[in-house]
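I've put the structures underneath this note.
Okay, so chain A shows up in both of these, paired with chain B first and chain C after.
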Partner chain A sequence: MKGREQEYREIFIAEALEYYDALSRHISDLEKAPQDEQVLAEIFRLLHNLKANAKAIGFITIADVSHKLETAFGMIRNKELNFSDEVVTVLFDGIDMLGELITSIDSPKEVEPSPALLRNLDIIINSLSDNSAELSKVQKYYNSKNLSLSDLIYIQIKKLDHLLNLVGELIIDRDRIFSISKELDNDDLKNVSAHLYRITEELQYSVMDARLVNVGSLFNKFPRIVRDIAVAESKEINLDIIGQDIQIDRNILQIITDSLLHLMRNAISHGIEKADVRKKAKKSPQGNITLSAQNDRDTVILRLIDDGKGIDQQEVKRAIVQRGFLSADAVNDLRETEVLSYLFEPGFSLAKEVTEVSGRGVGLDVVKNAIDSIGGRIRVDSKKGEGTTFTLFLPTSIAVKGALLCQVEENFYAIPLMHTDSVVALPTAELHEVGDLLVADINSETITIVSLKELFNTDISEYSVRKNDLESDVQNIIIVTYNNRKLGLIVDKLLRQQDIVIKALSRPVNTIEIYAGVTLLGSGKVCLVLDVAAITRYFIARR
Partner chain B sequence: MEPQNIRDKKDVAVEEKVHLIVFKLGNEEYGVRIDQVKEVTITPEITRMPKTPSFIKGVSNIRGDIIAIMDLEERFKIERPSGWHAQHTYTLVMEAKEFTMGFIVREVPQSLTLPVSSIDKAPSFIQDININENFIEGIGKYDDRLIIVLDIYKILTSDEISQLKS
Partner chain C sequence: MEITDKKRILIVDDSFYMRTMLKNMLLDAGYDVVGEAPDGKTALQMAREKVPDLVTLDVILPDNTGLDVLKGIKQDNPDMKVVIVSAVGQEVIMTEAAEYGALHYIIKPFSEDKVLEALSNAFKEEE
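What follows is the complex of A and B.
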């Protein structure tokens, strides 16, 4: 994508100019206090970063000059080179040249570094003992005092949050105006509201876009973290990172940071086996972990894949019974994915020993809660002996979500698409009564079917539905999925799919579990957003 | 010394007043302090909210804010006078700290200013009636009217509401 490359270039230039400003400042400080180790270290760091960034984006000359300067400063730091007057001049010239190279990146005329200066730099780097070798005078053909302000600004995420909230409110009002203008059938009003519609839509996407960051800004912290954990666990890990340039809302990335870290720790300390065990299993002694990101329409999918020992279904089943979640009989009826979903229950841990980095009681339930809170989804797949994959489905943006609208009695409800699997119309005859619940065989899966009307009108402990209670011959069922489990919800009427802006319910009614929030429809009607996670939890506990 | 001084000052200064919004529940008059009332509006369409106690009538869209609506008569089990048929009711939108809720009242609420001194702290006999003593800030007297002043924050944060979990 050309647009994104251009964006990276701009970001690089803005950052590089900042580095250049800081370098100029620090080298002036250093001239006054040549012994100041801190300033020296800072210059060294700046040059090192500049070199790495320039190399990454392909500005080889800048990388080269930075490298030479970095070497020179490295020598000064190691006391191999004196910070003498001649050296100072060369270094000042070198830094000025860097500035010149950076500012001229986007100018049509390509600026070449002065050969004389490059030679001078080589001389001070290479002549360890005799640094008085003929340093030639460098002609300053570039204007070194060119003042300019950066093209990028930093902005507090709080301000963007506020902006996004305002846009959300605006969209709700826009939809209202749009539907009123249709009712009134006034051409002027229709034109204006159509225009308003387009503008707010563009505004919404601009604000959402401004909040996007690269997944890489989080992923790139992992090589170091993985190394540290691996050392602590005395394991060897090879980490592959894929899809750093996938973009996602900054706050969503922030919220899942701890979760991803937690999963990574688990993978290394519980997933990957020690080298000798791996050898016996005919695996490479190095454990392999892949951290990947990919886009799927409005969703970002993150995967953490390890080729470790995998999760033992039998062990999980035993733990389910031991911790009293289910009876031994019930456990044997569970499907594989359902067994694994118990890993996310509070207080469920398979860790036998507490190690330095993991197994301290913070379980996967915390991970799941974090992902639930942003309307995301997590699933785990594992094969004993082959490894485990955690997949996180995350919304790209928090503002607007696709949702399925349905009607139960006189009310409209929205179910986020993130949690909907499919919609079926099922003859009532195909439902079966099991205890107080209904189940159906849908695509050869046995799924618990819940009547939302009953759920809404009876206390959950008294929930019981017979086939006779259902009115029509055919039931509209929305299959929702949460934590590897499926549940069918009977609704009176399926309405449509629509993008909604979810508002939080205000206190004190924000604590009612089955609602994730509320939204206003274009008609001005209030529509409650159902919390699939909470509803699923009720019925999983019962089975 | 100290108490004496304070009393002197009070006598000299204009007597402290409290501004109430007064409404009827059952056959009695109730009041709330005006700074806790955000607005008074004709009750808009209410969307029922399943899984809430019956005194929560649902949620309404009041100028873009979604606000839960409570029926205080039902909440306090106050008997409604019979033969009441109004076309519409009114909603008082109450705010106390970060809590917001609309209260349904049947008649247009009135505004009333009375001296602080005319409000008695709730006497203990009130324990007998259905409204828990805690929800009553005091009993105000105005001419021969008796006005029960409610503590909104306590009503909005009471156990029944804060444990709104099914």
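What follows is the complex of A and C.
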């Protein structure tokens, strides 16, 4: 982290350079139209700000020169001084000097303003009439004119998006070349390729880095929002914000903005109780909400924690049955986290009675979809009477994702690491047939097991598998999680973990619901990226 | 963080540097900075939308003069407090500002103490 002093210094310099550019522009305009009051006012304002800022930060010479120029322009405005050729020259010199002083702030060579120029400025300021006769010829301040631009730029996010796409394409080609160099076993090609590899990697991280913003840029909007909702709901809320400095891709932050707002609104409206209710429950009358961010390797974890009334598991179970999602028997087999995951089902949280009794509002399915769309995860934990925590696991960058590569028949597939839980090798004998599906008990959990080979060879709606369909005695299974629910995927071969650049599928393939996109491997082979969310959703519904 | 008691401040200054310094000072002192406006038009719009408890107002702005903004704010909301932030040499304006209801001044370059003192004096009148 940069210190505040350093930050102030950078801002000062960037802004001072902008002022200097504007001053140079305006004074040229003024030469053409010496009476233009708007231009005069603008020059006056710029010098005024420069003076005040320089004084505040302690650059006395800049403050002093700005002050003299400001005074001179003030006099021209008040018609106490003519904008004569001689005066113009001195003012031009003065502004050039300012530019030189500003650009030299960070250079080791200290720049002193020319005494002759300072004297000329004094002569102009102190004599109320034209005293050009006294003006001495100033040794031109600039030996060579340097043009300086600000160190900070604004850039449209769309341009960064484009840059990132190009980097994505480049990485795919790089991997391809890397792979070819190995195949050809040519040392020169290998060297070039290794170098290319490093450079593109650095390029990729630089572009990703340029897109990062502080989570604080979103978090810091919440005190006001919380205050407003709390007032409207007649509740007292104490909000703690932690981890504003954590960085995340700007587009990801943009996409989850509404979701976070929604969760916050729910926490206040349906989670936190009114003061009198809280007192009865021996809680502080003020409800506590914490909004936090932290890094965990390539993932940013956001948490929204409230100490409100929590979610009543029994009520949610009742609603699951009422809404026809599961039978009463099936509901009782659900684990706690599974019960709560139904809150994210479309059509579930719409139920008004659920909203009120379970302490959660509508629209959690929308929140979930937004987070799915960027390859993130959301989970909810809650204890009746004690409060609720929503946890969002978000990728730091949208472009590159860690993935587990596997092989089914001749083809390669990628499963984003965000969704992988574990990998197991299970004897085929331990799989059981339940209806058209297979299940297995893994770590005392009953998990539906899907054969990817069968899935890829049939339409998903006609998928069915018997134990006899499986060829070997031991099955390689990747356990994936989605919305607190697990699913096992049988693959032929596990390959490796790798960073991949996911490209969207183009029509007409984009309607195939089990793929999230496609990537190219170094070998040049196409690798489809599985849509874990869609596959899990489908099989959980079928079970 | 105590939200409910925090005084809400709008900063009006055309210099990003000044706004940043002022904002950090105010945030450190426990104020809630609800907006930053770089010109008169934005200032008036934000004052209307965000209804801050207090506005720190620079008097030399790119579009309007600070006094026009002051008049506009007081017209919309006579109770909104306005503290004038101005550099040395603008004392004349302060007399005029007082006529429109700005009673407290901060002279640039400001020290943290002076800023906080001016604000707490402005809020004291309430009681």
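Heads up, the rule we're going with is that the second predicted complex is superposed on the first by the 379 of 543 C-alpha atoms of A that agree within 3 Å, B and C clash if a C-alpha of one lies under 4 Å from a C-alpha of the other, contacts with A are read in each partner's own complex, and residues count from 1 in each chain.
In this text, a contact is a pair of C-beta atoms (placed from the backbone, for glycine too) under 8 Å apart; a residue touches a chain by one contact, two chains touch by 3 or more.
None of the values given here were measured: they were computed from a predicted structure.
> Which partner does A:526 contact after superposing on A: first (chain B), second (chain C), both, neither?
Only chain B is touched by A:526; chain C is not.
> Just checking: does A:244 make contact with chain B only, chain C only, both, or neither of them? Give me first, second, both or neither.
After superposing on A, A:244 lies clear of both chain B and chain C.
> In the superposed arrangement, does A:410 touch chain B (first), chain C (second), both or neither?
first
> Using the touch definition from the top, say if A:173 reaches chain B (first), chain C (second), both or neither.
first
> Could you look at A:52 and tell me whether it touches chain B, chain C, both or neither (first, second, both, neither)?
second
> Would you check which partner chain A:165 touches, where first means chain B only, second means chain C only, and both and neither mean what they say?
A:165 sits against neither chain B nor chain C.
> Should A:428 be classified as contacting the first partner (chain B), the second (chain C), both, or neither?
neither
> Where on chain A do the contacts from chain B and from chain C line up?
none
> Would you tell me which residues of chain A are touching chain C in their complex?
Spelled out, the residues of chain A in touch with chain C are 4, 7-8, 11-12, 15, 42, 44-45, 48-49, 51-53, 55-57, 223-224, 226-227, 230, 236-241.
> Can you name the residues of chain B that touch chain A in the complex?
Listed in rising order, the residues of chain B that touch chain A are 45, 47-52, 56, 59-61, 64-68, 98-101, 156-157, 161-166.
> So in the complex, the part of chain C that touches chain A is made up of which residues?
Those in contact with chain A are residues 1-4, 6, 8, 14-18, 20-21, 24, 32, 34, 60-62, 87, 108-110.
> Per the contact definition, I'd like the list of chain A residues that touch chain B in the complex.
169, 172-173, 409-411, 455-457, 459-460, 503, 505-509, 511-515, 518, 520, 524-528
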